[in-house]
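Each of the two complexes below includes chain A, the first together with chain B, the second together with chain C.
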Partner chain A sequence: MNLDYHALAPEIIVAVTILVVLSLDLSLPTRLKWVVAVVGVIGLMAATVPVLTLAFGDDVGPRVMLGGTYVVDDFALVFKGVFLAAGYIVLLMSVSYIESDRYYMGEYYVLMLVSILGSVIMASSRDLITLFVGLELVTGPLFLLAGWRKGDSKSNESALKFFILGVLSTAILLYGMSFLYGLTGSVKFDDIRAASGALADNGAFQMAILFTLIGFAFKVSAVPFHAWAPDTYEGAPTPVTAYLSVSSKAAGFVGLLLLTYLAFPQVTDVWGPAMWILAAASMTLGNLVALRQHNIVRMLAYSSIAQGGFILVPFAAAAANNNAILPDAFSATVVYMVIYAFMNLGAFAFVIAATAKTGSGEINSFAGMGSYAPGLGLVGAVFFLSLAGVPPMAGWFAKFVMFQAVLSAQSGWVTALAVIAVLNAVIAFVYYARIAKVMWMDPVAPGAASLVSRPAPVSASLGLAIALSLIFVMVAGVLPQIAAFFGEASKALASGL
Partner chain B sequence: MSWFDNGWGLSLVVFLPALGAMVLFGIPKAQETAHKWTALLFTGVSMVMSIIIAATFEYGSAEQFQFGTKLSWIPAIGSNYTVGVDGISLPLLVLSTVITVLAIIYSWNNWEEPHNPKAFLALMMILATGMNGTFVALDLVLFFIFFELVLLPMYFMIGIWGDKSERTLPVFNKVVENRLYASLKFFLFTLFGSAFMLLGFLGLYFRSGEVGAGANTFDIPTLIDLGSNNAFGSGTFAFLVFGAMFLGFAVKVPMWPLHTWLPDAHTAAPTVGSVLLAAVMLKLGSYAFIRISIPILPDMAKQWAPAIGILAVIGIIYGSLACLAQTDIKRLIAFSSVGHMGFVMLGIATMTDIGINAAIIGMVAHGIITGLLFFLAGSMSHRYHTREIARLGGNQKLMPWMGGVLAFTAMASLGLPGLAGFWGEFMALLASYSPLGGLDLTLFRTLMVLGAIGTVLTAGYMLWLLQRVNLGEPKSEWEGREFHDIDVFEWLAWAPLIVATVAIGVFPNIVFGATRDAVVNLVQNAFGG
Partner chain C sequence: MIVSQFLVLASLLFSLGVYGLLVRRNAVTVLLAVELMLAGVNINFIAFESVIRDSLASGQIFTIFVLTIAAAEVGIGLGIVLLIFRNRATGNVDELDLMKW
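Now for the complex of A and B:
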């Protein structure tokens, strides 16, 4: 067995951090438990170092290991970087949030780090088994984390719904994968791709493809497989929700990207129309239901369903036009994911700060925040309007590359999807702008007079989480090449298939 | 000063206001004087630079883009930071920087509730960057960004400082404040249009490589070159692209029947917001027709010209008739904008150099005159605490100077010869007598007659407005009240506009000198001969 330890360094560092955090939590007295969080955060920072050296060091091409089932290439590095950065921001958001709950400090970080490790592994997986193990490593800890506030019945409901539907989707996924293996004789994506041409008309093969995609559709909460998301998001601790809506979702998209582009590019007829329907339904339903939400986290849940729909749009485009635009569509999805990750994390960090200030998750409780907490109001407006895709925040570029990929397909059906996406972008603005409107245009609610004098409860770590997201959203909005770079770097994976 | 000529000058004109907005964030909220001076400094330098550009502009080659640069911006999607001014954009750029400075001077001691000059000035300066940028952008993506950048500041300006009276929404049966209704309506209309506009831009991009540009490009000069060979043809593709861009631009102008956001937004906006909306932001749409639609898709422009002309004339007549029915002075001025922009679009629809020159001078004149009208309406409603025309009257006696300026501006607005408003209307009608060869002569001459009727209606509602507001005896409710006539900040803000109205009226060459060659060249490239 020939292992490239440089290439595996990120995984190794995260794994070691998990062990250190676990043993520190056992040995430290209660008053020093905060060290656990610091170690976790430092561990994630350390893990990004090898990602950077691998990405910008000597160019030796993809580092292939374990018989081609585990590959560290630019695509893997891009997503490892995103997962580590997102995990880092989520941990920063968690520190003060978990402290205020006062229990299970260490376990929280261990579970979160395990989930991050899973996502880092997924980015490198090039066969069904590694992909599946990585995915379960991502999801398993989240079942526990969603139910973290065990005294809260909503949190319990959240965990239970997530668990039941999560297990169901896993079963469907595994069922599909078993057929894939049975029909193609291999679990490696390359082999499946090679065998897929001959199997294109095989009904069982087509079913297997759809089953695996449905399994991942649950993970990315695409309509109609989204039902778990709003309740789970609302009940889970907010940093966990942020993680669910960004990293866990991105992990699902990594799975979709790998399967559709690496394993099934020969059979776009099968998954293209399915993706079209998923994208259109997710955008439309997510947006329309989000319009009616009163709770900020539920609104963000439906918003993230709709954003997932936008991310799915390039998949539908990729399937058209004889695969000529596979790399562009691939790049569009990656760029959208990266930008979405930062703006959604920022939005959740804002929600944590704002709900701590007003003591309520109701959108109307934020009324007049612009007058008594202008900084927070400004930050919130930036993140939500970025999600709406308004320049100069980074969200516009995500939508732009999505439209670019779609129109480059030059196909009527796909252009129709672009029109649906345009209409949805306009609808989405209404509920995103509503947050800005409530904060800046509505008067302070009568009962909230006491809030005005209350000091801002934004802790240093939460402030750092907000600042990091804010910097990315603003800089990438003005200089989008920063975001485009991730797409450019990773799209080599999809070319020449 | 080669650095100045090679893009730095133009870039500073565009980005100084935004930079100033960032500086404002760093100044504590209580130091209002510091905010005002910072805002004035950054926009003032931006204005001075735009005037230096106008002074050193090579008018002999006005058809070329000058002071420009081209830097790599987003290589991944083939978009560059390309800027430059030619004779068409130069007058509009200067208009935009000057109006911004005047708006800041006007608001010096005149902040609408809920006060907060820091936020208001910051928004105004971001808005300025968007407006200036739109006029100099020579890359479709860059253009799109600047075009969209103006939305957010204006949304907040209307929504926060706007009109707090209430209205009942028809379908939802819900009572909302006008400012909230108007700001959202404004944003949704424009967003809807510009999203389709973006699809149109992308369509051009993906076709440009196939039809001769080598690689796909967003570069406007390159696309114009392609357009002059009619590279995009007149098939379904060109039709759809033109239609998509038309939606985006026509909402912004606004053309009937996409105008309904305008009366609400202009009426609900704070005074300075209305001024900036009317004076500069409406021009972004009509400018885009001249800069992008016509030269890149000339054949399609010719096909669409009758439709554009008809909609323009409907806008003229409809706007004027609507004005006659208004009881709110601000709403009346807002509807008058629909009519005036109708003349601009009629000029564009003729596709001749006279018509397009008329459109540009019409834009500049409308910017100056309607900007002034909105300033006046704001100052008057600030003093009378009402915008009801029926409650005003005898203004001339209560505030002689205010009345005088209002009379002057109303005359300019109805197109009195010798004042700036005359040229745009007159030449647009002249051009529709002999539109571009191949366009339906009967149709355009009918449009000319209808447009001429529109000028009569315009004179009608403007004079009626003057009669009701300025003349007669003051209403009994104002008896014994003292009104402060025009104060020094108002004079500072208005005097340049009054001077410009007369100057352009007497020497239209101030504008034509820049636009003439550029427009002739544009028409020749697009339609030959």
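Now for the complex of A and C:
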């Protein structure tokens, strides 16, 4: 068997980094433990090099390996790049957070890197087995990371809730996959697509599709499968929450994109209505509940459920009008996902810095931050207004491509969904803007006068994480063709059908 | 080869697992319920493979992966349950109600 080692280089580098981090952690004395984090961060940076050389080097088309079950094409490279960059930013956020905790730090980086490796593998998977193994590699370590603060009952509880619903969704997903295999006779997406046309009216096949979609709906925390998300987000350490809401969610969307566009494009009338319901319910419920949250992390949990709903909207549009806009809907989802990843990471990095400053996760405790920590207040306002979709931050372009794809579908049902999305964008603006208002217009709370003189504890690595997210959000907002490039590059996957 | 009997058995096991997961309150029993669901999935895969007989034996391969990952997941789950039992002296899922919306 001939393996293309250049194409596999990102996975190999991350895997080697995991082993090095693990053995360093065993052998280093306590005072040198910080080296572990540095090695992990460098390993992720090294893994992005082959992603770039594969993307911009000699153009040989998709590199197909292992009998078509593992493919490195532009879609895979876009998401590998996003996963590695997001993992890099999360590790930077983790360094000071984990050091300030009293818990041991070595395994944290090992578990995080394993999860990143899983997401990188998922982006290349083109059959059910690889997709499943990649997905489990992403979520398995996250169960443990959610319960990282071993003495904290909230953290324990969040881990158990995440675990139970996580394995339930895995079992549902696998049950659906077993019927897909049984009815189509293959686990490869290409073969499933070829066989699916004749099975469109088969009840068992439709059930299998819905089961696999429900499995992934849990992973992307779409309403009504979102129950675990707010509790897990609140109880888990904040960098892990950032990872859950960005990379783990993106991995779920990669699975959805691959299944719906690559395996089931012939049976859009089965999954299209389901996606319509998931999108409408996620946007509406996520936003309405986010409105009345007092805790910033819980608010971000519901806001990320709502953002997940916006990302699901193009799926519903793709199914309309005889698949006319399949490639456009595909690229709209990819662009939204990429922009969302960076602005949400930035928002969480801000939350880590701000809660360290005020010592509280309540939104009201941020009152007057603009007056005593103007830099932090400005950064927070930028990320939250970007999430709301205010130009010139990148968020507006994500919503723009989403609406563009939806309106070009020219179907009554999809236009109704667009109306729901517009209303939700307005609701979302209210609670995102409220945070900016609290920071810049409200007076400092009477009891919080000591905060004014307290030195800002933003560490260098957390500052770098904020800066990287900020640069992407600002540049992609002013020059949206940068974000559009990701969508155009990955579009080939959906248009070649 | 009659496949439907195996599918019925698998669906019964799967449903029993879902029921157990939703109804039983003890965290260890919940883990057992998950194992039942995955056993149903494995029977499905093997039954389908015995009919399809594709060249790569994908169904059997898939079953081996499911078994392996299920073992790892139960290990993780037991770790979390032990941790909670150590902190709270309870294995009852209903008593974990620190966070509500």
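The working rule: the second predicted complex is superposed on the first by the 496 of 497 C-alpha atoms of A that agree within 3 Å, B and C clash if a C-alpha of one lies under 4 Å from a C-alpha of the other, contacts with A are read in each partner's own complex, and residues count from 1 in each chain.
Methods note: contacts are C-beta pairs under 8 Å (C-beta built on N, C-alpha and C of every residue); 3 or more make two chains touch, one makes a residue touch a chain.
Please read these numbers as outputs of a predicted model, since none were measured by experiment.
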item: Which of chain B and chain C A:372 touches, first, second, both or neither; value: neither
item: Which superposed partner A:487 touches (first chain B, second chain C, both, neither); value: first
item: Which superposed partner A:413 touches (first chain B, second chain C, both, neither); value: neither
item: Chain B versus chain C as contact partner of A:425, first or second or both or neither; value: first
item: Contacts of A:133 with chain B and chain C, given as first, second, both or neither; value: second
item: Which superposed partner A:235 touches (first chain B, second chain C, both, neither); value: second
item: Which superposed partner A:153 touches (first chain B, second chain C, both, neither); value: second
item: Common interface residues of chain A - those touching chain B in one complex and chain C in the other; value: none
item: Touching residues (chain side chain A, partner chain B) in the complex; value: 331, 370-371, 374, 385, 390-392, 396-397, 400-401, 403-404, 407-408, 410, 418-419, 422, 425-426, 429-430, 433, 436-437, 440-441, 479-481, 484-485, 487-488
item: Of chain A, residues touching chain C in the complex; value: 67, 128-129, 132-133, 136, 140, 143-144, 147, 150-151, 153-154, 156-161, 163-164, 167-168, 170-171, 174-175, 177-179, 181-182, 185-187, 230-231, 234-235, 289, 298
item: In the complex with chain A, residue positions of chain B that touch it; value: 29, 73-77, 114, 119, 141, 144-145, 148-149, 151-152, 155-156, 159-160, 179-180, 183-184, 187-188, 191-192, 195-196, 198-199, 202-203, 205-206
item: Chain A partner contacts - residues on chain C that touch it in the complex; value: 3, 10, 14, 17-18, 21, 27, 30, 34, 37-38, 40-41, 44-45, 47-48, 51-52, 54, 56, 58-59, 61-62, 65-66, 69, 72-73, 76-77, 79-81, 83-84, 87-88, 93, 96, 98-99, 101
